[in-house]
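Multiple structures are listed underneath, in structure tokens.
The same chain A turns up in both complexes below, where it pairs with chain B and then with chain C.
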Partner chain A sequence: MDLLTFQLDGTRYALPLDAVAEVLVAPAVRRVPAGPPGVLGLAEACGRIVAVLDLAELLGRSAPPGAPRHLVRFAPPHDRSALAVGQPLGTGTGTPGAGHVVIAGVPHVLLDTAELLKRASGG
Partner chain B sequence: MSLVQKKLAASFLLVTALCTAVAVLVPRLQPDLYWGTVLVVSLDLVIGLGGAWLVSWLVVRRLKQLAAAASVISRGDLTRIVAVDGSDETAELARAFSTMLANLLTVLQEVRATAEQVHDSALALSRTSHDVGTATEGIADASRAIARGADAQAEDVARTSALTRELAGSVDRVAASAEAVRDAATAAASRGADGALAARAASDGMVAVARAVDASASAVEGFQERAGEIGKIVAFIASLAEQTHLLAINATIEAARAGDDARGFAVVAEEVRRLADHVRGFAEQISSLSEEIKEGSQSVARGIRDAAHASGEARSTVERAAASFDGILEATRRTTERAQAITDGAGEQRRAARQVDEALERIVRIARENARGTEETSRATGGQTASIQRLAGSAHELARTADTLKGLLSTFKLRE
Partner chain C sequence: MDPSHYLDLFVAEAREHLGAASELTAGLATSEAPEGALRELFRHLHSIKGMAASMGYAAMSALAHDAESLMERLREGGLNPGAAHGVLEGTLACLERMVEAAERRTERVDDPERASLQDRLEREVRGAAGPGAPAYDAGGHATPARRGPDLAAGCVRIALIVRRDASFPAVRAALVLGRLAKLGRIVRTEPPMAALRMGHFDGRLLVTIVSEHSARALGVKIAAIEDVATFTLGPAEAPGEPARPEAAKLSLRVRADRLDALLEDAIDLMSSLGRAPGLEREAKTARRLYDGLVDVRLVPFEVAARRIERVAQELGRRLGKPVRLEVAGRDVRLDRGVLDGLTDPLLHMIRNAIDHGIEPPEERRRRKKPEVGRIGIAIKRRSASLVVTVRDDGRGLDPRAIKQEAIERGLIGPAQAVRLTDPEALQLITLPGFSTSAAPNEVSGRGVGMDIVRSGVETLGGRLRIETRPGRGTRFEMTFPVGVALIPAFLVRAGGEVFAVPLSALERIAVLDDQNTEWRDGARFLSEGESTIALTRLDERLGLAPDPAPPAPMVLVCPSPYGARGLEVDAVLDRREIVVRPLPAPLQAVPLYAGAASLPDGSIALLLDLPAVWGEEGRG
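What follows is the complex of A and B.
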């Protein structure tokens, strides 16, 4: 399974590569008043307005200080959403386990795009 | 013939004439012889007795007066006046008696006046002697006090002389100290001159150091600017590497989405991403080194600035030290002059102290001589006091004698 790996606040994560449209430098994120807790705000990416999800908030962890450095825009049909990540590490191949995957001998937290979007929508 | 004899002769002749007249006249008036004879005898007897009484009265009357006067005078009353009339021997006697009385009265009056004068003079002499004795005792006391004062003065002057000698010794020590100060000041001036030359040389050296430090600071500042430029370049390279890294990731994503036909493209994209990672890593290392160089150059720049500042302060300090050396030179010059002035003044004070000591020795000698002379005067005054006391005693005795004489004279009653 091809995966996109990135690092946030010292933890390595992995996303299925077919769920990713692109990785880009994070533009300015405008916060939405009374928005859902897992959504940082709105940002413009490649001429589109996308909702930026807060991964730390969605995973119930403490958010890293400062603005997000990069965004991972999801592939259709979730291409109106993006995930704020730290430093993208690259791509790799690994066998998924129970919520994690080992890539080149290094364990990563395996993220489920549908589950993240469900949490962001309050489900 | 004396007048008394003449009076006696006249009285005898008168009695004889009267008796003859009675003897002639009575028989004519009394024819009876008997009665005539009785009458003549009676009348002759009366005439004889009358003549005898007259003669005795003429002779004895003045003598009685003189006897009464002598009796009064014998009782000391010399105021009695003896009447002198006539020119017979009794009158002469009365006149001589009166003259004698008058002379005696005059003598006694003079004696009394003289006695009173002697008494008054003796009393005055006694009082004067007493006053002179008191004054002489006062003089003796004053002389003794003067003698004691002269002794005390001599002792004080002796102590003053000793103090003067001590002062002279102190002046000698001051002079020695002043000479030592002058020598030390001269040595200090020499060393101060050397120090001033060294300070000026150090100041010149500090100027050269300051120039070198300024040049180094300029070089470091240029180096810092270059380091900043390197940092900018490295940041640009890092940014390019980041973008390349993202492009490679996105290319890998697109290749994965394209399927197996794009597998080779995915491999190339992965290699590109790795190269971008390497570049980014090198850029980060260069950036880190650049930051270290920048920090080091900043530290060097701070050190150079501190060194420049320290050099400036050191130069100011050295210049102040040079100025201080100049001040020390001037101060040591003045110190030398004043030490010389102190030495000269100490010499003059030493001579003056010696003169004062000699003068004090003369004063001590004179004061002791004065003390001895005053003691002799006191002793002489004591002898004089004894003489004056004896004189006062004699005056007192003379006054008593005059009193006695006045007492004797008081037995005589004299006219005032």
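What follows is the complex of A and C.
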């Protein structure tokens, strides 16, 4: 399985590349007052307005300081949502196990876009 | 070929045919049946028969075939349309149930009433074709002869003379044309309408009309027009456009996402051209393109209403509960995708209302209610939202009993139940497994399939609210984003953020100063002579830090069913048309906003849903 990899708060994460529509330099994120805590806000990505998910909040981790560096927009059917991520970004290949994947001998937490959205919805 | 791959297409197309057939069948009961309508009805049944056969649904195909035979007899004039109306309605309802069974992927697509309906259809057909069987005219009276082909519908030339004693003859002629337009499509008039508007009329009017009514029926209707003195009818060719009537009915099935992509392109084009000097004409063309694309996606609610009415009528009859279904907003046009997604939740609610909400007639009599139960569906646009309500005058819901049921089913604990408010308790009926159809009691007056209703509504990005008055009835309100829409709005600032307020929601804007405000019991009011308007600070309502020195505090005064309301903002920035898009998941669940719009500077404005801001959503 081809994967997109990144780090947050010292942990390595991986998203299946099939679940990713594009990676873009993060535009300004417009916060949504009274919105759910797992959502940073809204951003415009290639003419679409997408919800920007806050991975640190969703996973209960410490958020890196400053604004997010990149947005990873999900592939359909979740293509109106994106994940805010920092540096470094990379790719790799690995065989997924239960909730994790090993890439070049290094374990990564395997993320699922539907599950992230469910958490962001409070589900 | 595995037909199951085509199931979605089959279900969608079968419902389109059934909806159209249902409308035509309703016409059989109330008026004469024009040849064109009978031909159309036959065509719809024929399509259903063929589609069902190709999917392997033999029982459905056989029923459609027998109904088709009945239509043949009707077209030949050997049967009274009024007499056929009942059995045709039953047949369509049965076909509808079979389509639902197919949609549920039931192993054997059939219906308990199918066999008896086929018997009835066969009896009608045999009776009509038997020796000495009477023929009927359109009004149901026996006639010695069948209708001849010379009375078929088509293109007709009408020469008529308007009453000479009528004042304003050109106006009278225009009125006559208006009446004729209701009988068909007028393709030519002499003198033309423009001349009539200028008062040029010598008393004679030549009209070429394409109508589904037979010439005989047209004659009867024209004779009934008050201002017509005399007239003659004759066949005519529709000049220059013989294929138009059929071509106009052609439809194309287009994937919604492709249409949406075109719509987004049109918006981008419109937005770019709108900012480019000297390209006003091109900007107008782009706007027409946008309007046309939006229009293509919209269908009237009437399309679903017919199906819902059919189901309600059928279920009420089966359960021995007479119900009257009132539909408001049939002509409201909504996105096809929303309509398709909305229909099943609505059907669930209507079925629940009849099955469990509406009491049996004897119980209603005891409760001093009208014997006929009332169910209302109302659909309306509210800025960038679509609001659909379903209400009934049945037994209503008991929040305490619902809590008890939820505890018994292990959905919540007793301590959790104590903390729930009544409105929160009502929401429990939308939990999966709350209730089953095997437990219809005072508690599960509803609940059957309400989890399906909620998930259907949420799939569309909508929200569901429930209100009840025990013994008096229940009201469900669903709010959906309408899809991409261009709306005029004011851009305002509060707490350092920009928001959009739909122009349609505003009455006026007032400058706020110490002279026109007053405080009462800790609340601030806009004071205007005798009247005062309660103010809501937007920054406070949204939990934003207040601007310490707002540049020009203003109040947006908005009408509301509960009295005028005032929204206090730090500044009104601009008035402009904005392209509002629905909020993406999971923000659709935030009730305060109806959508979001990209602004020319690249920022994003949130469109406020004012009833939700006031906390009025779902009241009333």
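Convention: the second predicted complex is superposed on the first by the 122 of 123 C-alpha atoms of A that agree within 3 Å, B and C clash if a C-alpha of one lies under 4 Å from a C-alpha of the other, contacts with A are read in each partner's own complex, and residues count from 1 in each chain.
We adopt the following convention: a contact is a pair of C-beta atoms (placed from the backbone, for glycine too) under 8 Å apart; a residue touches a chain by one contact, two chains touch by 3 or more.
Keep in mind that this is a model prediction, so the values were computed, not measured.
Upon superposition of the two complexes on chain A, no clash is found between chain B and chain C, which fit side by side. Of the two partner chains placed by the overlay, only chain C lies in contact with A:S121; chain B stays clear of it. In the superposition on chain A, contact of A:L4 is made with chain B only, not with chain C. When both complexes are overlaid on chain A, the residue A:A34 reaches chain C alone and has no touch with chain B. Chain A has more of its residues touched by C than by the other of chain B and chain C. In the superposed model, the angle subtended at the C-alpha centre of chain A by the C-alpha centres of chain B and chain C comes to 120 degrees, rounded to the nearest 10. Of the two partner chains, chain B is the only one that A:T91 touches; chain C does not reach it. In the superposition on chain A, contact is made by A:S81 with chain C only, not with chain B.
In the superposed model, A:V23 lies in contact with chain B only, and not with chain C.
By the touch criterion defined above, A:E44 reaches chain C but does not reach chain B. The least CA distance from chain B to chain C in the superposed model is 19 Å. Across the complex, chain C is touched by residues 27-28, 30-36, 38-39, 42-44, 47-51, 78, 80-81, 117, 120-122 of chain A. Per the touch definition, chain A reaches chain B in the complex via residues 2, 4, 17-18, 20-25, 70, 75, 88, 90-91. Considering their complex, residues 242-243, 245-246, 248-250, 252-253, 256-257, 270, 273-274, 277 of chain B touch chain A. Every residue of chain C that touches chain A in the complex is listed here, in rising order: 264, 268, 495, 497, 542-544, 581, 583-587, 589-590, 592-593, 596, 598, 602-604, 606.
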